[in-house]
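One structure coming up, written as structure tokens, with questions to follow.
Letters A, B, C, D and E mark the chains in the order given here, with residues in each chain numbered from 1 onward.
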């Protein structure tokens, strides 16, 4: 039979975070599942869920933090799988500038790149050390996270990834001081998740796709270097020190079982979002996330 | 009846929008119906007003500085072949640099305050002004310049009393374009990093998928742009009372 | 006003593309006299005037004042077209020289000149609302306003009807008396009424005829005997000039 | 010696860049030295070439379509007061809409392919062309139109043989501006959704903090822009052999 | 060519701002004759010509052809300025009418006309390289090229020297014989050489004088007795017209 067309919108540019998806492709897992998978990279992480909701894709990558906002605004999307089941986001300052504890941020400037939830994350983290949002100045630096930090335009930034920007800062010898949100009162969340359109949840291709991704993740865990070689060949612009380091930092973060839904984690994060006022309604778990069974 | 015509335009536009939102296949989280946007406009009026003022200030300052800079650059280009040779490529290149490439340097030099945003807006605005104005200055009818020469006009007087007014129609074209793109210039400035302004509101609303709020801000921006354009256009037409206008057939 | 000097033209050559307009042309324009210049269309009269005004650079040769001081700044120039500024009223066009030199404009004098050329009522009109002859008179008033020792005029009365033309000729003769005036005209009668010396430019490259001298002070009556005689001689010169 | 002057300009520019990168306080991740960029240019030449071709195609198509559309819009505006009333506000508003607001709709309708990008580029380009061209058409000297009327010219012939050539200088000004901003138009288009092109490379490199690669792409873009501008400028000057050019004093 | 009709002007009124240029002006222009129109500068001659050409709408009254067919499309109009297109050569300017009507241009005829006005050598020159008189002659050639039954000309020879002017007058008389021609001129001699009927426009609002009729076919010799007599009468009319 002809392989079925299956469109996957990545969350952003192709990067090592997408390792399992590419691994599955390289080992022919999609083809064996009867799927002709197209991995499309948008330039703006806001696009994929909307295009998915508009019926322009079968699966879109997004973030668990974003999921609640999407559903709250009535977008017909559900989480159906997890690609990275650890939070990667960090609050980062530069070493040697007098910031060693969160408390040192009092009176400082914190930069962020708008994703919708930063104020709440920072507020929660500060609260855990007895500070309030009003004790710091927030600056939206959009796509300038690293350069804003490096040029000392801000004292700390939130939104850097422990598997990316933090590595880069370390490589540049800047001794980043890293604060993990989950250490300061923010409930842990899945970083990178797979969404499907509500109307297509019964699409028989979905479980096949997720199973193929699991194959990819399994293969990646064992043969990371082989996949990397092919990945760099396909994406020559990623062939640099930082991306390779990022590749090697990621394996522990990939979900071993992409289909599995950690109900407690999703419920807790929903409550966190609701309490913070980021969502207007606290809906049952299955309005946000489902587990796809083959 | 004054104002009847713009009002009709506006109503027709609302009707079209409503029809598009209602009957097209575009989902509401991409194009919310006017009603939702009106609700957002009203409930968020405080937020929107405060941020509109910020953006308006950026637009006006950007327009002012951009026009001044453009004017000066045009004069430089027209009066000095050397400057023309060196400046023009730089100006052309400046138009091709995307925000995200420039933003880090802007941040480094000017921080995240108003200055960086006004500079970004200027960068967007000044080229149409420069190019049009320079073309206009270059096209002064030679007879007038000859006349001025026999009258012992200083280069400055010649500029002030002959070349400038003669270039006014071309300058007006440039200023019209600049006015239409000044708002997007300010938005791009806010994009590169800001904590207030309509662009910031839009980015934020976009990330939170508050489409109605985003369109409310967009609506204000559009209204602001049209109002500014109409104002500048009227002003320019008044200044150009003497230029031929052979519209229509 | 300083004593108006004469003008020396020496060894002028000029080419436009392949065409030689002047080749080694030399002559002198008498100080404080009206000199009229006639000649067939396209022979180079305007070009010659522009060279004297410093607006066109000759290939060889040059132009100097008989008093050896530089010419620049002592010439008022009225071109063949009126070149009125469309954004300025007639009055402001007349005072353009003062505006350009940063001098104090004298609206009374300008208005007086406009009245003398018959346009007192149009002082505040924009050029585009004036008729062809009216525009030309504004340009003349602008030239007279300059009050320069040397005045160059390129067909200054060509758009005027015969009656107005006589009046304006008289006005020019009156206001420009004692200055060095070079006047291009196509009207032999006008040349004879106003000119102390008449030159005909003709040929390619263009050469100047021997000057004709008209006795008596301008403006002369149109039925003056001496004038009619000179006019006859001038017509002969012109006819000869036209024959190749 | 032909080419000596541009070569000098280029070398001086390289020297300035090198000095700025070497001796200013700007860190290399914001402004890498020319050497690093040259290395990136060379090692990534295949990638850069392929994506340059994509962007070049977008620029040229965007310029073509934008100019055509701008020309048509200008004609509409000048010949129909009704169109002027309805179209102009829409055109002005179209200039004020930021990419991120438009991108979802663009991608929804046109996908991630070339079409969406060219439409975005057009959107950036066509307004300067429209505004300048409309102004130029409006300013046809009335004497020529009167003459044409007594010659029984059809409106079309009048347009073709009088108004269009008379508006050419103004159109040229618009086209110059359009040429200078066409590349950024294409880049913005790539921003709205693309998987190739110099803009994509730059965004990608920026996100990947590969500053040298980003500047390599930027360098190509700048060179492309200047080359295109010089080409169009030369062409326009040739077309305008008859228009006065009183540059310099 | 169809038989050229006369022109009926009925009850014309026109105001510019507060100024009344015409008020109930009526007259007739004879078919297939040269009519010359003279009058002081700014009186309304050009405006009248523009109304007849359909370029200016009067407040009241109208213009019609004696044969009752519409005037539009049967008029060639030469304005007071030359309005040459700067991007087109002299030749292409002459053929502009054909280009604009989508008719086949006739370069031989255009070139022949340029030769007749003495510009055969300048056929491919751009207007800005031509002298004032040359430009005027190109505009005349363009008008003649139109080959229309009715020809309106506004001071068509004003920039020409006297010898060239005589030649070009002869040319116009030859090529326009049998057409209905209305010619504005400031030169009484020109009016008498070319006109069958001479009108003087004067006053505010402007009124037409009784026409003067000149016997004999144009172009008349400049020393023709009848011509000289008419010229005298014309000068008297003009002088009276000038006196308020």
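Simple rule for what comes next: a residue touches a chain if its C-beta (ideal position, glycine included) is under 8 Å from a C-beta of that chain, and two chains touch if they have at least 3 such contacts.
Chain-to-protein mapping (UniProt): B, D = ABC transporter permease; C, E = Nitrate/sulfonate/bicarbonate ABC transporter ATP-binding protein.
Note that the coordinates shown come from a computational prediction; the quantities given were computed from them, not determined experimentally.
Fewest steps needed to get from chain C to chain D (ABC transporter permease), stepping only to touching chains, is 2. Of all chains, the one whose mean C-alpha position sits at the greatest distance from that of chain C is A.
Set side by side, the interfaces A-B and D-E show unequal numbers of C-beta pairs in contact, with more at A-B. The distance from the centre of chain A to the centre of chain E, each centre being the mean of the chain's C-alpha atoms, comes to 84 Å.
For the pair chain D (ABC transporter permease) and chain E, the distance between C-alpha centroids works out to 50 Å. In this assembly, the C-alpha centroid of chain A lies 36 Å from the C-alpha centroid of chain D (ABC transporter permease). Looking at chain D (ABC transporter permease), one finds that residues 30, 100, 104, 108, 141, 191, 203, 206, 243 touch two or more other chains. Among the residues of chain E, those in touch with two or more other chains are 81. The set of chain A residues touching two or more other chains comprises 46, 50, 54, 143, 147, 151. Pairs of chains that satisfy the touch definition comprise A-B, A-D, B-C, B-D, C-E, D-E. Residues 26-30, 100, 103-104, 107-108, 111-112, 191-195, 200, 203-204, 206-211 of chain B (ABC transporter permease) are the ones touching chain A in the complex.
Interface residues of chain A, counted against chain D (ABC transporter permease) in their complex, comprise 12-13, 15, 40-44, 46-47, 50-51, 54, 56, 143, 146-147, 150-151, 165, 168, 172, 236-238, 240, 242-243. Residues 16, 38-42, 45-46, 80-81, 118, 129-134, 137, 155, 158-165, 186-188, 235, 238-239, 241-242 of chain E are the ones touching chain C in the complex. Taken in their complex, chain A has these residues touching chain B (ABC transporter permease): 46, 49-50, 53-54, 69-70, 72-75, 111, 114-116, 138-144, 147-148, 151, 153, 278. The touching residues of chain B (ABC transporter permease), counted against chain D (ABC transporter permease) in their complex, run 5, 9, 26, 30-31, 78-81, 84-86, 89, 91-93, 95-98, 100-101, 104-105, 108, 127-128, 131-132, 135-136, 138-142, 145, 155, 169-170, 172-174, 176-177, 180-181, 183-184, 187-188, 191, 199, 202-203, 206, 214, 218, 221-222, 224-226, 229, 243-249.
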